[in-house]
Amino acid sequence: MEEIKSTIIQRIKTHFSDATEKEYPYNRVDFSVKKETIPAILFYLKDEMGFKHLSHISCIDWLEENEFEVVFIVWSPTDKIKVFVHTRVDRENPVMDNVDMIWRQANTYEREMREMFGIQFTGLEAPEEFLLEDWEGPPPMRRDFDTEAYATNTYWERPGREDAKDIRETIEKRSGEILPDFAKKYTR
Amino acid sequence: MVGTPVLFIAIPLLAAFLIPLLGFVWKESVRILPGLVLLYLLYLAVNLMGQVAHSGTIVEVIAGWAPPWGINLVFSPLTGLLTTLMILMGFIIWIYSYRFKNIDFREAVKYFILLLMMITGSVGIVLTGDIFNQFVFIEITSISAYALTAFYKGRDSAEASFKYLIIGSLSSMFLLLAIVLIYSQLGTLNMADIADKAHLMKPGFKILALIFFITGLGIEAEIFPLNGWTPDAYAQAPGPVGAAFSGIVVKAGVYAMIRVIFTLFDVSGTHQFLIIIGMITLIIAEMAAVKQDRLKRMLAYSSIGQMGLVIVAFGIGTEEGVFAALFLMLNHAIIKSLLFLSGSYLVYNSTEKYIHETDGLAKHLPITSFLFALGAIAIVGMPPFAGFWSKWSILSAAAHSNMILVIVLILSVSIIELVYYFRVVNRIYFFPKQKEVEPKRPTINALIAMSILGILILVIGFYPDSVTGYLHSASQSLLEKGKYIQDVLSTGQLFIQ
Amino acid sequence: MMINDKNSQKIVDIIQNYARKHSLWILAYGTGCGAIEIPPTMTSRYDAERLGVRGAATPRQADVLLITGYLTTKTLKRVIRVYEQMQDPKYVIGFGSCTINGGMYWDSYNTIKALDRYLPVDVFINGCMPRPEAVLAGFAKLQELIQAGKADGARKYKENLEWYRANQKKVIPNWRMPEYNW
Amino acid sequence: MQEILQYTWGALVSFVVAFTVGITYMGLNRKITARVQNRIGPPWYQNFFDVLKLGSKETSIHHGVMQHMGPAFIMVTAVMSLLIIPILNDNRFFPNLNFHGDLVFLLYIMVFGPLGMALGAGQTGNPNSAIGVTRGLSQMVGFEIPWVMALVALMIQYKTTSIVDLMNLQAETGRWLMFTSPFAFLAAVLAMLGMFRYAPFDIVGAPQELASGPMSENGGKYLFVMMSAGSVFAFAKLTLYVDLFMGGANNLIILVVKTFILYLIPMLYGIVSPRYRTEQAIRYFWGWPSLFGLLAILQAVFL
Amino acid sequence: MNMIYIVFIVLLGGALLTFFANRISGLLRDTFFLLTILATTVLFFTKIHIGDTVSFTLAGLNLKWGLDAFGWYFSLIVLGLGTMAAFYALSYMKGKDRLGYFYFSFLISILSMLGILMSHDLVSFFIFWEVMTWSSYLIVIYSGRNVQKNGINYILLSALGAYAMLTAIVMVYANIHTLSISEMINTYPQFSHVQQVWLPVLFLMAFSVKAAMMPLHVWAPGAYSDAPMAYTSVFSGALSKMGIYGMVIVFVSMISYLPDDTLFKETFAWLGAITAILGTLWAIAQDDARKLLAYSSIAQLGYIITGVAVGTDLAMLSALFLAALHALFKGTLFMAVGAIERQTGTVKFTEVTGLIRKMPWTFIASLLAIIALAGIPPLGGFVGKWMLYESLINSNHYILVIAIFFASTAAFLYCYKFLFGFFLGQEEKEWENVKEAPALMVLPMLILAAGTLVLGTFPGILLKPADAAMQTLGYASTEGHLWSMSILFNEWGDQVLLRPLVYAIAGTFLFFLIILTVKGWKNTRYVSTKDISSSGEVPLEYENLTFSVNFYQPFLRAVGPVMKKRMIYYYREFGSGMEALFDYSRRIYNGNGQTYAIYVMIFLVIILLFKNSIFG
């Protein structure tokens, strides 16, 4: 296992100079690359190294760093190893390359991210509407989207429900954990 | 008395020599003169036919030498019918080829001389009562035919002509052999005389002579293994010449063969042999025709097949059979000429004459296509057109002789024939036209010629009685051998007295 | 029940309502987690069929629209459509807290908080989720209402269609639906 | 005129009887199914409520004339079947139109309604309806084979095409045809499974897959008429079986008992069965049932 | 001059005039066409009486034409359907090319059919038979689609049949030296046994080709669907009946005299039944309405063949009745398909849906025709089917009953497919602007469809001429005797059968229809077909929700093994084998002069070698 992991790291690093690896125990290896390298490294992983399966594409909103982190999780059924490929996209101009020509199922994940985070994938050919029907607000999964305010404005609320509206302070009290500032503003 | 049978030989020969001479005086006369000659001969033939029907066979002695010593011409109902048919076909072909391909003066001279010679030769074959004289006429016909085959002077034409020449010379050789054999045995060349004395021949010689005759004349009559020259010659010769081949030359060949078999020798088994060989010819030719990709070759094979059918019908040997055979010869001459004439306009500008080049021409050449389709429907024997009646006569003749197998085979072959003709007709009418094909509209004289043939098909189809009377007397005259001998020989005696 | 009473029912209505209350064909719109409560309600443990409650295959045949849980705007559109396709008389049962006040989805960006703003609800069943006993009690209440002739949600909907429409259109901006035709 | 009144009266009375008994049977079916599944189940008269409720629906929609007429078609079939099938051995009480050859007529009139309804279902434009109809028609072709074989076997054996003749024959000899022609009875009963469209042959209107198939767009009065017609038709079919194979009935009670016993067969078979796909159903009917039908014919021809 | 001549001259002259008038003006052409067919019909039914004959001599053959009751019955079909189709054609063919050619062929084929029915001698029978073949072939290839395939298939199989018949005819001619059909029938018992067997076989071969019987049916789907629908109604409705006409004569007048006639009859009855079954199955599998109707025609002719082959008086009556009825309903259906083709431009069930509100009259006509086709009471089809069953049961053909019943039950499947595919289902936006066909097309359809309706209640209208026709064939009059014997007429003591049943059905239907309509009249509302309960989803305008692809997939899966190999497959194999043989024979002529010379020598040598055996 370790040998395989080290050869993977070896090969990736020789081929892609900008890749920085991070090793995890068991069968997981992480790489961070620039977003321009993404199609190339995914092609390489799929065609040359046997990572046939795209497990997931995920996104993390790093509001403080003003970046989105997009994570591609690929899996090799022969080596039984999963590889996480991280990349960062500018939050102001979230554009990156579309990879659904490598894996057909990437299309679905990309459409979801387009709707939920507003990341534009160049050349993604799919109808605009996916999960959100007739959505007119900003992408709802961005952390600067205020859900509560939106819900209060949009949906009529039955009067008389005042309890347990904001449990942040209770949580703070109970756990003793001190929430950072951004969390106070954007989470509940 | 409007004329004598000898005019059928003399006038066209004279005209053939006059054509180039007159041509120097007036160029158009080269084209007109053959037509006038043929028209006159047609008038003569029709008149003589009436005379024959009225007062029996006309036997004309040439140069005063009475049969069996001299050469004589026999204008019986049979030969008269064939002569009329040939001259009629010749006349129609003349109308058709008056301006065919816009050949220039020099070529027109050749063409019309050769055509006239070929018609003369064929008529001679039919009319003559002398076996050697017949041979001479066969040679005249063949040589004109060789030349006409090579008329386009192309490589393929020359090759076809050369093949024809080779096979044709084999034919002459065997014929000459046969004639020599007979002469050595009987010391006579007059057909009636030979027929009269045939029993005097040694059986071995008789059969040998017969075999040589069959081989030699079979080549002219397009019997199966002997007909290798046919497709090439038909395909390479100009369209009207192809029509002349199938309408005139082959008929003469078949006549010669049948005359030899029916009148000269009376060998048992010949009829069965004719049926078998005709059947084989029919089947092989029709099968070969299906897969042809060139129009004229297809027509040529079809022609071979039809001649095979004629021979089968003769082979049945009864009066009905002979009647059917003559009827088929008549119909075939008309229909196949129509097919050749209209077909050659369908592939007018083509060098290879592929069938697919006729695709969709019906829009551009409506009348030609219609006449071709009419010919196709008629030749496969669809009622109520001419072909049906001859097919019906053959079948009923075969049935009266209890030849069920023959009937079945003929009909099966007819189905094959139907398939390839209808395929072509479908192409002409329903396929999109090929871009590179430039259809040529037929000239007015060609249209007239083809229309005459089309009308003949309809007339015979709707009212077969218009010809059956002549055919019946002709078939009787073929079968009445004794009468033939008596007619010919008695003329001579009369003359002596 | 007084004969002369304006609100009293005719004898025909009594018979009809009696039949209606004993024959409730439900269209279970299993939107949320509540759908899992329907099988125990219908099967041998609680056997709602003894009350005449029975599943219907299509809205055309159904009498009761059972909305089992939270409704996103996207689902609401379908629910309205289904409700409008049902034949009169028709009843709606809101099922679970989510239909009452949003329940745990009270601040979700795409979930409505009160069903009766959008459809006329005849009976609400409280609980997250309500147990089958509660569901049966809800049906019993509905039967009571039907017999009394008070389950008139459909009439209310028809009369106040504009108000309902306005509410519906507020949360469903792109209204691509045919006109209401039962 | 007298006759027409008589026939109309007979038709009316038999319709009422068939309606009542048929609906009761349907209710009993639900009750028994519930009991088999260890439920209490609805009362036996539950289906009266259902029919009454459907009849009291205030509004209805239709997608066109054919859908509007569809239920009438199927009702015609039910009523015509009732008119032709003798209810009792003694024809006095329910005079109806029996005549020689009515078996053949029945075979055709019994598909008249379903086909008419299928047209109505087709007009709704609901794909589920059309799919249900195709399955139903396919299945019908399946079960008609053993059914016709059984009937032909009876025709051969007893040289008649009249139901009354067959009933009289059983009354005279005192032996039921289900014992004298057991194979024909078997084939007919197995065909009946398909005719009733209970499980395992209920793919036609499978609520889970097809949303009740041909009926998916019918509600209110249309479903009311269809359900009534279904009940009447079911009773008519059961009566036909009783008439043909079980010696008919001398009074209504015996008829009800006999039909109910017969009705138990598809019902119980359905309760314990899963569902066949259409082609499986067709192959089923062309397997054993048709073999029994063939045996019945052989028996009729050679014995 | 005899009226028979005049009818033929009118038809032929009219055909030619129509053909040539095409060059002058379209109106003139249409007028000539319509006048010709109308004049023929009027002259035929008013001036020609049963029993009229003419005879003349042509090419030494004595030909005789005349009309008997049997021919009259079939000419009723030909001229009735022909006139309707002519009216229909005027509108249907408007604006198409080569109309002179089409109308010419149409009239000639009508002429040839009348000729067949009026021929009393074998040669004119054959001539008209062949004229019928090529005139219909001309129309089959008219559209120019698949001419090399369907057209050649048609002409090939027709020629096969016709030549078989020709063989039989010359056999008869050689045997009895006369061509009269009646003479042939009279002397048939004195023929040798071999001929007694072969003559019917050869004749039946010709007739079964035209009647599209099972192994010889392969031409029919292509030819029926390629001809313009205006003619296909005649083609399927009347022209194929010429095969039935011949079959009836052969079965009644020849095969009945055979000692082993049962074998013949059983074989043909079974062939008919198999044709019915397979035709039905194939019809179910079609997505093209023309093909569906073509296979359906094959199947329907299968019933008729069975009826003819069984040959008891009731079976024959049913066959004749069904023959006329088939002309009515199949004519209507082909016309309806033509109307739909004209109005929408397609005939695929997978493309066109929901025309019921756009083309209501076409729908009504099709509905009546389909009910008649399916044999459902109270329409005419049931009467015919019932008589067929009854005759089969009476003559102990029990298995045959089951086969026929299977075919006619399975026929419901394609009947439904036809109605559903075109008229029912979603009303798509694509066909929003489709209009009803012109009145000239709708009226013939409605008239023919009304015919089936009338015949269901008053079948005596057609049974009487059919009975008269059967009497000329030597059957005893069935009027009274048969009609009281048959189950149909027994109980009511009335020759007009089924009337009380029809009244009962109509009464019940109307009663419940009124109940349905009156109850809640104000609260019943029409909604569009887009408004369906599809899980609350609203179908968009461009979404086609109609279920029409793989319509009977489960059924076809169940019957799959039967349908795997088609007959045409064997024909194709045979055809390609023959082509290979032809290609081989072509190579004999290899274009080499030396080879040809060698052929000559070989020929000579062979003859010389075998001269004694040849010229013994």
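A, B, C, D and E label the chains in the order they appear, each numbered from 1.
Just so we're on the same page, contacts are C-beta pairs under 8 Å (C-beta built on N, C-alpha and C of every residue); 3 or more make two chains touch, one makes a residue touch a chain.
These numbers were taken from a predicted model, which means no experiment stands behind them.
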Shortest walk length in steps over touching chains, chain D through to chain E: 1
Starting at chain B, fewest touch steps before arriving at chain D: 2
Pair sharing more residue contacts (C-beta pairs) when C-D is set against B-E: B-E
Centroid-based (C-alpha) most distant chain relative to chain B: C
Chain of greatest Cα-centre distance to chain E: A
Mean-CA-position distance for chain C and chain A (Å): 40
Centre distance in Å when chain A and chain B are each reduced to the mean of their C-alpha atoms: 93
Whole-Å gap separating chain B and chain C, where each centre is the average of the chain's CA atoms: 98
Between chain E and chain C, distance of the C-alpha-averaged centres to the nearest whole Å: 59
Sites on chain B at which at least two other chains make contact: none
Residues within chain A bordering two or more other chains: none
Contacts with 2+ other chains: residues of chain D: 57-61, 211, 216-217, 220
Inter-chain touch pairs (all): A-C, B-E, C-D, C-E, D-E
Complex contact set, residues of chain C against chain E: 29, 58-60, 77-82, 85, 88, 176-178, 181-182
Contact set on chain A toward chain C in their complex: 132-134, 136-137, 140, 145, 147-148, 150-152, 154-158, 160-161, 188
Chain D residues within the chain E interface of the complex: 7, 57-66, 68-69, 71-73, 75-76, 79-80, 83, 97, 99-101, 104-105, 107-109, 111-112, 115, 118-119, 122-127, 130-131, 133-135, 137-138, 140-142, 144-145, 148-149, 152, 155-156, 161, 211, 216-217, 220-222, 225, 277-279, 282-283, 286, 297, 300-301
Chain C-facing residues of chain E, complex: 523, 525, 527-528, 530-531, 533, 535-538, 540
Chain E contact footprint on chain B (complex, rising order): 159, 162-163, 166-167, 170, 174, 207-208, 210-211, 214-215, 218-219, 225-226, 228-229, 231-232, 267-270, 272-273, 284, 287-288, 290-292, 377, 382-384, 388-389, 392, 395-396, 398-400, 402, 404, 407-408, 411-412, 414-416, 418-419, 422-423, 426-427, 429-430, 463-465, 468
